[in-house]
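Contents: one structure, followed by commentary.
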Amino acid sequence: MDLLLRGITHRYGATEVLSGIDLAVSEGEIVCIIGPSGCGKSTLLRFIGGLERPDEGEVLLSGPVPSGSLNPLTYVFQDFALLPWRSVEANVSLVLEDHPLSAAEREEIVADVLERTGLSDFRKALPRQLSGGMKQRVAIARALSVRPAVMLMDEPLSALDSQTRELLMDDLVALWQRERFTACYVTHNLAEAVRLGHRIVVLSRRPGRIRTIVEIDRDLGAREAGDPKLDAVQRELWQLLRDEARAADREIADDVA
Amino acid sequence: MDLLLRGITHRYGATEVLSGIDLAVSEGEIVCIIGPSGCGKSTLLRFIGGLERPDEGEVLLSGPVPSGSLNPLTYVFQDFALLPWRSVEANVSLVLEDHPLSAAEREEIVADVLERTGLSDFRKALPRQLSGGMKQRVAIARALSVRPAVMLMDEPLSALDSQTRELLMDDLVALWQRERFTACYVTHNLAEAVRLGHRIVVLSRRPGRIRTIVEIDRDLGAREAGDPKLDAVQRELWQLLRDEARAADREIADDVA
Amino acid sequence: MTSLDQMSGGRATGESEASSETLRPVPYRGGGFRPVPIRLIGPLVFLAIIALWEAGSRSGVISNLVLPAPSEAFEAFSYLVESGQLWRHLSASLQRLVIGWTLGTALGIAVGLGIGLFSLARAGLLPLVSALFPIPKIALLPLFVIWFGIGEGSKVATILFGSFFPTVIATYGGVDNVDRTLVRMGQSFGLSWWSIVRKIILPGAMPAILSGCRISASIGIILLVAAEMIGAEYGVGAYILMAGSLFATDQLLAGVAILSVLGLIVSWLIGRLERWLLAWRG
Amino acid sequence: MTSLDQMSGGRATGESEASSETLRPVPYRGGGFRPVPIRLIGPLVFLAIIALWEAGSRSGVISNLVLPAPSEAFEAFSYLVESGQLWRHLSASLQRLVIGWTLGTALGIAVGLGIGLFSLARAGLLPLVSALFPIPKIALLPLFVIWFGIGEGSKVATILFGSFFPTVIATYGGVDNVDRTLVRMGQSFGLSWWSIVRKIILPGAMPAILSGCRISASIGIILLVAAEMIGAEYGVGAYILMAGSLFATDQLLAGVAILSVLGLIVSWLIGRLERWLLAWRG
Amino acid sequence: ATAFAADKITVGALRFTSHAPSFIAFERGYFADEGLEVSFEFFQAAQPMAVAIASGDVDFGITAISGGLINLAEKGAIKVVGGALQEEPGVDGQMILVSKAAFDAGLTSPAGLKGKSFGITQTGSSFHYIAHKIADKEGFDRSEITLRPLQKVGAIIGALKTAQIDAWAIVPHIAKPLAAGPEIESIGMVADYIPDYQVTTVFTSTANTKDKPDLVKRFLAAFSKGAADFNAALIDKTTTDEDAEALVQLLHKYVYNDQPYEKAAPSIRNGAMRVNEGAKLNMTSIADQLDWFKSEKLVPETVTMELLVDPSFVETN
């Protein structure tokens, strides 16, 4: 299933947030979206997932929904969005409960995804007992349980400390190598983008426009820290973003009463 | 002024957190302390700043306190620790108000540090109006205003997004080049450690012990992204930490009622 | 060892369904769960209720015994205004309210700070406060009369006691909730104990203290009626009690409406105070 | 442009002070601002107060008119127990409390959810609730008698009204405070509206609802006295009122102590409920 | 008449000697004789009794004419149908009391009440009426007597004992023991200021007077028999001592039942005031009271004697 964005433009009140975004995401591809703070990355992702509607433009799907997919467009959130009052397995089972599945089927799916994400030992744990990394793994297990066609990931690693981030990046790469999932991956982190993205979409400051799209044709599995080519891409991206990042950083929030 | 840690050992209840830490920090040196989550880095820093007392061992100072230093051991916190009800200048002035300074002197110091940190335009802003990067700059300005002999920095950049982190790392390097301040810099982030540390102290999992100390003799100003030597150090550190980081990540918190 | 790379079969093998190859928009599934203000509905509902009520009273559906017509209550109110009694009742009540509430709140903040800051005060006073808080002040009226007389003393005392306890609870809760890293920051910069209390703890607890004030003010207003049970010639509570004993339901409703408006005004005032003192919250 | 690299002169040029070259420990400046529980102090304070009071009463420093001795109040209580009246009063009050509070809380949660979820309900009902909340129930007693009779009706209604409003406010506040990303998560997984309300909104608002229950329960207990002003032969409130009208201060204190203990028990029960329902908070 | 289908009625009562006729009629079967199955509903104060009759919870009540009662009558809810307690020369009636402190300071006769404070339960209560009638008779302005509403008789007693109020007036069974104590003095009789004062009346719901006049008549008949027994035993003292004793014992079931008999009996005897024969109603006194309420704007001008009283059941004058 492919995704197609056409002329997405959006305003919140008087401030234009996104302006004329055209983008195609094809099956099996990870598209990273980077840009300075407040340029509308999260907003764009909400449009793609149908959680909000743009003022102008449209988000289109083409191709058949993979059979068995319970929720073709599935999010992974920055802050995990786990229900703190449900155990790990109940958090996963939550998103299956509204689908016509028997208790046994549900049970089986939950066991399967927890097994596959290495969380079987943590079935009964509550979110507060888990480290950030494990929480995000639970969120990924939950996303996998509905067999998504496209994963929409909004800075999934930025709430984690950098060592955990490294671990999870490895996991995501390994996951992609097996599953070849499609993903829109929003991040601030250029190292993540060059590590995980087949294409990297660079947005400008608000109103977000596409400044450039960088393609990295090195296989995900073959990307290593210290690879000069990737380092070069990363430096280049940083050159592009640096001034805008500084400007975004020095922005003073309007006094909302 | 030098710092000397001798045989620091500490327990919280039944869990031993730190065990036999010996360390010397000499003037003008940045010592980075890295280690997996929960290994006692922040606890160690609290001992150094005199906010807590270790069960065993002692933290000693040698050499004269630099004249004019109002607060020789000064913290920069991960979450900025700005008073949300005070403007930028009032947050800085807070730490001067208990010292015998005239209003004019205080005013002058505040203006001076804000000028030096590029915050003059933000004097009247409230913390909530500032981006994370600017908030941490205010915290640094506040720390500078008391003319510290040693800066104690507990993950000062880890609450920031990665682009802002890059910007602030550049700023810190530039600052050190001018001021040659002494610092204990706790971090999770190996890239930060190899960028900012003259020496890197690697702690083991809880109970934290010093596993190794890596010295990097390249000048701070000359360190650049993509430097193969630094990359090698970083990879080596990651090899050291990886398994422990994974183990720390998979730790389940005790059910505290 | 186990990690994401052990995953397999995450996506079902793609047997394409009946769906077309054509483009289709993503389904919208957001929105909701965020009530938006609708203007005019509030006043309209009020007006509608009053109009219906008036119509019911006039037509006799609502017996005069059960509920007087709003117009009658309004007439009673007009009479109060015209005869100048309103101001007399209001000023008597306001004076009691202001004195009792101010004293109760000030004492409450002081004791609450003590409980919030000192282990000994917490261990000694908190159980006492918890035990005394749920005592209905109205039950103590006979004792208050002995202790404070039937003059202003017992009335002010009733309101004072009523506003003291919620303020204590709110204040110490607020102190407990002040971000401890801010306190550690203060210590790490060598601020004195008193500076930390004044500049960090107190402003940090201010939101909780103010919401305690909101509660204690409405308790104070509610207690006006109980306070003015004894020996009060004037006062809104005394007026209501008189209306109740005469079964003058129109006056009763007028008096109750006055209290309700008084409550709204006080709550609005505290809202202003909050906006001013807590402007930093944005 | 401006950035940290413009700094200079951050440290004063190092004229070494009189201080020695020897090692010295870092000064300790932490600790405090975290009251720790001290065991036994609470009960000790209670005992001390009661002992002093008893001594004062016996020695005549505290006149019997001003305050009866604790032993007298305890005697009155013993008499209540022995004569079997305690249970009669308590059961009458408890019945009213349980029925009134349960109904009030249930209605309050329902209306609070409505206000929290629907724009129309919020716009229409919230101003109404805000206007009716501060009305002292005691003022409405005469009307309650007409509306609900002098039997259990008016007593239950008083408690019902008293617990309804705080529950509404707490519930809608709780709904407002449920993390919106959790709701968006639910929507993004295609959960139905009803599932989101049941599985996300309601548990998320539960802490606030429970603390609303705590408040409404203590209000219910406080209102017992007011509720039993009307035609109640039995009930703790009626007992207190009778004692008050006879100036039997020993019985009055015994009754007040019963209410206070009742309040502590109810608050403890709600604490248990919280620990059970909110175990996930740890 | 044995009751096949006795009419069930509820009678509101206070645990006061003034309600004795109802208790006697119940205990001695006079109600049953009239085919009435009576149950009592006890109140702490008179005012809620009127409201309870209006709300239909109670059928008959006996209390003083209060503002609340008149206002309920004005709303068409209740009607006075008979008289009960009346001040009568020669029988101990309500007494005017002052605190010892006020007495020592020279308040030794009701004429001195000008500028003094007077305890009342609530605005529009009989105490309020009495205070103003004293002012009228003594010739000073009503507003020169400061009224202190204290809600409850107990609170007034406390305030008087501690000299927080100067004066009060109350029925003899409460007044006598108080005046005997050290803190309070008696300075006069209410009867001197309000001749033939109809202190309490029998009242019922308007619906009863219209739809069940027969029921009202039967109630009043039984009540009158009780009143006759009461007057004979405790006022006129025409019965044997044993009979009087038996009556007091009967009343002790209802009045002062939380005290031992020895203590209660004198109080019961002290409290005896005449209850009108045949529940006769003194219309003059009632008209005077109504006029006073109107003049104080405590009740609307529109209330008439017809609205307040249904004189068709008993003898009036």
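We call the chains A, B, C, D and E, going by the order they appear; numbering starts again at 1 in every chain.
The working rule: a residue touches a chain if its C-beta (ideal position, glycine included) is under 8 Å from a C-beta of that chain, and two chains touch if they have at least 3 such contacts.
Source: prediction; values computed, not measured.
Taken together, chain D and chain E share the touching chains C.
When you average the Cα atoms of each chain and compare centres, the chain farthest from chain A turns out to be E. If you tally contacting C-beta pairs for each pair of chains, C-D comes out on top. Comparing the residue numbers each copy contributes, chain C and chain D share more than half of them at their mutual interface. Centroids built from CA atoms put chain E at 83 Å from chain A. Between chain C and chain E, the centres computed from C-alpha atoms are 43 Å apart. Centroid to centroid, with C-alpha atoms defining each point, chain C and chain D lie 13 Å apart.
For chain C, residues that reach two or more other chains under the stated contact definition are 29-30, 65, 141-142, 146, 184, 187-188, 190, 241, 247, 282. The set of chain A residues that touch two or more partner chains comprises 49, 51, 73, 128-129, 167, 255.
For chain E, the set of residues that touch two or more other chains comprises 51, 54, 154-155, 158, 162. Two chains count as a pair here when they touch; such pairs are A-B, A-C, A-D, B-C, B-D, C-D, C-E, D-E. Put simply, chain E touches chain C in their complex at residues 47, 50-51, 54, 66-69, 71-72, 75-77, 121-125, 146-151, 154-155, 158-159, 162, 164-165, 298-299.
Across the interface of their complex, chain D is touched by residues 4, 46, 48-53, 58-69, 73, 115-120, 137, 140, 144, 147-149, 167-168, 170-175, 177-179, 181, 255-257 of chain B. For chain A in complex with chain B, the touching residues are 36-37, 122, 125, 128-131, 133-134, 158, 161-164, 166-167, 187-192, 225-226, 228, 231-232, 234-235, 238, 241-242, 245-246, 248-253, 255. Taken in their complex, chain E has these residues touching chain D: 41-44, 48, 51-52, 54-58, 152-155, 157-158, 162. Interface residues of chain D facing chain B in the complex, by the touch rule stated above, are 1-8, 10-12, 14-17, 19, 21-31, 275, 282.
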